[in-house]
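Note that chain A is present in both complexes that follow, paired respectively with chain B and with chain C.
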Partner chain A sequence: METSRLLKIALVVYTAFTVGFFIYLPVAVIIVYSFNDVPFFIPEWRGFTLEWFVKAFTRRDVVTSLWNSLYIAVFTTAVSLALAIPPTFYVVRGRGRVKDLYMLYLMLPFVIPWIIIGVSLYIFYWYLGIEKSLLTAALGHIVYSIPLIVTLLAPRLYSLDPDIERASMDLGATPWQTFRYVVFPQVFPAIVSAAIITFIWSFDNFVISYYTLGGELTWPVWVFSVIGKQRNIFPVVMAVSTVIILVSTVVIAYIVKKGYVDIL
Partner chain B sequence: MAKSADVILKVDRVSKRFGETWALRDVSLDVYRGELLVLLGPSGSGKSTLLRIIAGLETATSGRLYMEGVDITDLPPYKRDTSMVFQHLALFPHMTVYENVAYGLKIRGVPKEEIDRRVDEVLSLVRIRELRDRKVTKLSGGQQQRVAIARSLILRPKILLLDEPLGALDLKLRKELHIELKRLHEEVGNTWIFVTHDQEEALTLADRIGVMNEGRLIQVGEKWDVYDYPKTRFVAEFIGETNMFTVSIDDVSGGVATGSWKGFRVSFKDGGFRPGETIYLSVRPENLHISKEPPAGEEYNVFHGVVDVEVFRGSYVIYHIRLDNGEIIRVTVLSKDAEFDPGDRVYVYWRFDKGVPLRE
Partner chain C sequence: MRSPTGESLQRLRIFLSNLPASAYIFIMFYVSIGILIAISFTVPRKYVVEWSFTLENYVRIFTDPRFLSPILNTFLIVTVATILLIIVGFPIAYYLARVNPNLGIKLIFFLIIPVEVNYLIRVYAWRNILGENGFLNSLLLSLGIIDKPLSFLFYSWFAVVIVLIHEWLPYVVIPFYVNLVGIPRQLYEAAMDLGANRWQIFTSITLPLVKPAVLTVLFIVFIPSLGEFAIPSLVGGESGIMLGVLIDRYLSDFRLAFGAALSFILLLVTMGLSILMIKIFGYEALYQR
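Let's look at the complex of A and B:
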């Protein structure tokens, strides 16, 4: 009895410790030292400053890269949801061999490494003579986001009782009204979760973006392009990171508090 | 009670095939205006499929449906004047009681004041008016049940379809709701078709019972008739308890057929039988009598045996009697008359006309 309880506590603490030590601690260091009055990173406090924030958000390349990331993430999320939601219904409700093959066809990009998606699109665009841009990078993100969204939404759809939709139609609602008033509200929290995860994934993605972007860079690609090449760039990167972390925390907290999500 | 002239729904030779299996075979049925018809059968008998076809949630492979003379076979569910209470209720989990019940009227664009009035009216009818603004997911099973019925009744459907709606509830609550549903049916006065596999539920609720098995509608009739005069062994054994004897007939005379069952002589009313024929004789346990002395009179079949087991059921007792030919038969006796103990040697007898001979 006692041992098993201790073991449970140990396992929970162990996980908490791992997450804390390898994620929260490094992030906290970044946040704290983004206010440190030193033009490079040293593990030593030299006084509080907002200079790096001012510097970061007055740099044109930084601001542009953030806008580009935002643009791609919003575009990817919107288009992927529109493309992924109808087939998810088919995959969940459909039957037979054609459905199984269709599901496989949709899900396969999920297991293709990002580097392969990136490189193959790189060659593909070159071969077709398509000029790379933010749009071509977003297309690369969408390829991967569709199976991601299907994976996130399918469990929720599986859990819906099809009799509830039949009840709606039995009560006089057309199939469209049934979707609008009965299915959609029940699936909405899962759609919000899927949208958030897709957005975050797309905003963060480096590998696919790197091979599919044109001259304009996203934030992760910009970071890669300057780290180690420009002097004193660390404090700028840390300042932007701090802002991103704080903004996303606030936004997610708001969405969760409003009850828009149930699985996050 | 059914008003036999007025047929509200006519099911005409409906069959339904799912892949290789026939869920319904050639079912024809007249449903009378204002009656409470119970479709009774074991799981897989096709009763729910028939209900779903009436609701328009399944399409018949062949056959037609007529509602008040109009062919509704090809109408989608939202254009039919029927409403269904589902087996697992299928309430809208993201809505309150009010929103669930108001749904059908809202879809039809009924003005809000009228919706409010009718919701209040129907919630009073099912006695859950005080739960109006609660989330349906926060209600008990019995309360959810009432919401589901109210959601359908508010539309004043010509036919209310109920698909084993009490299946998930415990026995005590079911029995309460049976009485409640009877009252509700009386008050609302429309036609109900109720599907169940529970014969006791069927006998409690029904005006008429339709017994189904393996996709066929075997017998439809007033519940007393179905109970007292089953048409087949299946019906006799599915509704109520019965003792079934396989009898080879050797004599038919004067309206009485006589034959033998495992060494005993058995007589019953002639149903156009011929000597040499084998039939099944169904005798309900409550039509059997036991006593220590043989009965006086010629009109009885009399067996002899020993009381084997006594099962006390409160108001009545079931005796299992081991007959002299080794077979067991069951006899029910009111507890106040139950004066026998296991081991007692007794006579078991019943009047000729209480046995129901069945050909299939």
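Let's look at the complex of A and C:
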């Protein structure tokens, strides 16, 4: 479609400003000042140092919290995928009122704020006398991850042709073989992108972890617990963030380039 | 052809394969919400639950302005942030999808990178930009535009809105982008052949067809933000107080009955809004992403 030159220029400038300046400003601040030779944050450059990187990755609480987040995110992603794939097929292929009600049943944890899941599990664990741990936090993440995966996978499953599966079954394949060799290759990219999003959301989740963790903290909860209280912790947090940006950008770029995902 | 027994076997298989997820959601969500609701109707005690029915918590919430104003504030802040997000985000998506499609997918990639930094840390980075000793104030001071630091920039509802917009902007641009890319080009060509001008095309083709993206934004931005507590507690100050902050205050003080009542109000409102949107527009609204 023809768009007038003036509108085009306005849109270029606007997009460049919003993305380049507004979106990237805090990120740029974090990356640049993670190398600043001052033990707290001031908007002033005092020379280059790698001290905060060394400090960050030799601090036990920092490293442990990162491992804990990783553990919870991997566990959440694996279990949620296994649980969510069969209902996704039912939701896409099923018809009628029962299916509609089931959809609502499944989706409700996803269409309310996370704090409600966190608070209700906090009371639930307390009431049943369940000791909170990394596992109880992961179990909380799975509650919203199941409907999240359903919403991510469902649009891709609509485009599958059920006749191909019927043909496979008619030729003597078992349901498992049909899933493994006929369905799975077709939905693989969708499953990968659903897994990535589930992983990132779980790794970054603060609210549910905050209410369902025991003594061991995840990275976001650790950050929340120290950031307001210790002035000299921010350089360390910025250093870890710089590493996280670097690693995840490389990983995502690799996955996108390999064509494992259609749209992220 | 399928025999009747094959049909019921199929049903059994569907039932069994859906059972683990359904049972999981039932116990971890519905049962725990049930306990939360039950506790919200008990007498407010610290550290213990006294099982006798009362409406005391709710009466207090709805009669005391100390609770009503944060609740109204929550809706005000989140509504303003959502409207601004759509206004700010739509032109970016439009540019990527319609004006410069080659750049589109690459820029989406660049939009995702900032999301990799946990939003709590980005909140803190904002403090170093907007705070009293932050970049913006030092810049304005050195340029002589102001002679003392602006304090409304931080610890205010203004800061909450800015940080919410920053947190959610990629999640607004992406559904609009996906939506706009999906509109077939022929539709525009046909409209132009029939003599429609740009404004007519925009209002009668583009806008009605991006409705699903608006709904997605309501589901993934508006509803979750109503329960936000980390952002307002870090940057909100007094004017930026939100319902989530209150809930957390009572919970960390172990006044469970009262915290539960506040949570149940938030649950009812968000659930009501969500079900209303689903009933009107269908689940497809959730699928756009």
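Everything that follows uses one rule, which is that the second predicted complex is superposed on the first by the 238 of 264 C-alpha atoms of A that agree within 3 Å, B and C clash if a C-alpha of one lies under 4 Å from a C-alpha of the other, contacts with A are read in each partner's own complex, and residues count from 1 in each chain.
Everything that follows uses one rule, which is that a contact is a pair of C-beta atoms (placed from the backbone, for glycine too) under 8 Å apart; a residue touches a chain by one contact, two chains touch by 3 or more.
These numbers come from a predicted model, not from an experiment.
> Between chain B and chain C, whom does A:Ala84 touch in the aligned arrangement: first, second, both, or neither?
A:Ala84 sits against chain C, while chain B stays out of touch.
> Counting residues of chain A in contact, which comes out ahead: chain B or chain C?
C
> Between chain B (first) and chain C (second), which, if any, makes contact with A:Trp114: first, second, both or neither?
Second partner only, chain C.
> Once chain A of both complexes is superposed, is A:Leu135 in touch with chain B (first), chain C (second), both, or neither?
A:Leu135: touches no partner chain.
> Of the two partner chains, chain B (first) and chain C (second), which one does A:Thr15 touch, if any: first, second, both, or neither?
second
> Figure out whether A:Val243 sits in contact with chain B (first) or chain C (second), or with both, or with neither.
It touches nothing on chain B or chain C.
> With both complexes superposed on chain A, which partner does A:Ile227 reach: first (chain B), second (chain C), both or neither?
In the superposition, A:Ile227 contacts chain C only.
> Between chain B and chain C, whom does A:Val74 touch in the aligned arrangement: first, second, both, or neither?
neither
> Once chain A of both complexes is superposed, is A:Leu171 in touch with chain B (first), chain C (second), both, or neither?
In the superposition, A:Leu171 contacts chain B only.
> I'd like to check the shared interface: which positions of chain A are touched by both chain B and chain C across the two complexes?
No residue of chain A touches both chain B and chain C.
> Mind listing the chain A positions that touch chain C in their complex?
Listed in rising order, the residues of chain A that touch chain C are 1, 3-4, 8, 11-12, 14-15, 18-19, 22-27, 29-30, 33, 41-43, 83-84, 86-87, 89-90, 94, 102-117, 119-124, 126-127, 139-140, 142-143, 146, 151-152, 154-155, 175, 200, 204, 206-207, 211, 219-220, 223-224, 227-228, 234, 237-238, 241, 244-245, 248-249, 252-253, 256, 263-264.
> What does chain C use to touch chain A in their complex?
Residues in contact with chain A: 13-14, 17-18, 20-22, 24-25, 28-29, 31-33, 35-36, 39, 49, 88, 91-92, 94-96, 98-100, 105, 107-122, 124-126, 128-129, 133-135, 138, 166, 169-170, 178, 185, 188-189, 192, 198, 201, 219, 223-230, 234, 244, 247-248, 251, 256, 259-260, 263, 266-267, 270-271, 274-275, 278, 283, 286-289.
> Chain A touches which residues of chain B in the complex?
Against chain A, the touching part of chain B is residues 55-57, 76-78, 82-84, 86-88, 90-94, 103-104, 107-108, 151-152, 155.
> In the complex, go through chain A and note every residue touching chain B.
So the residues of chain A in touch with chain B come to 161, 163-164, 166-174, 177, 181-182, 185-186.
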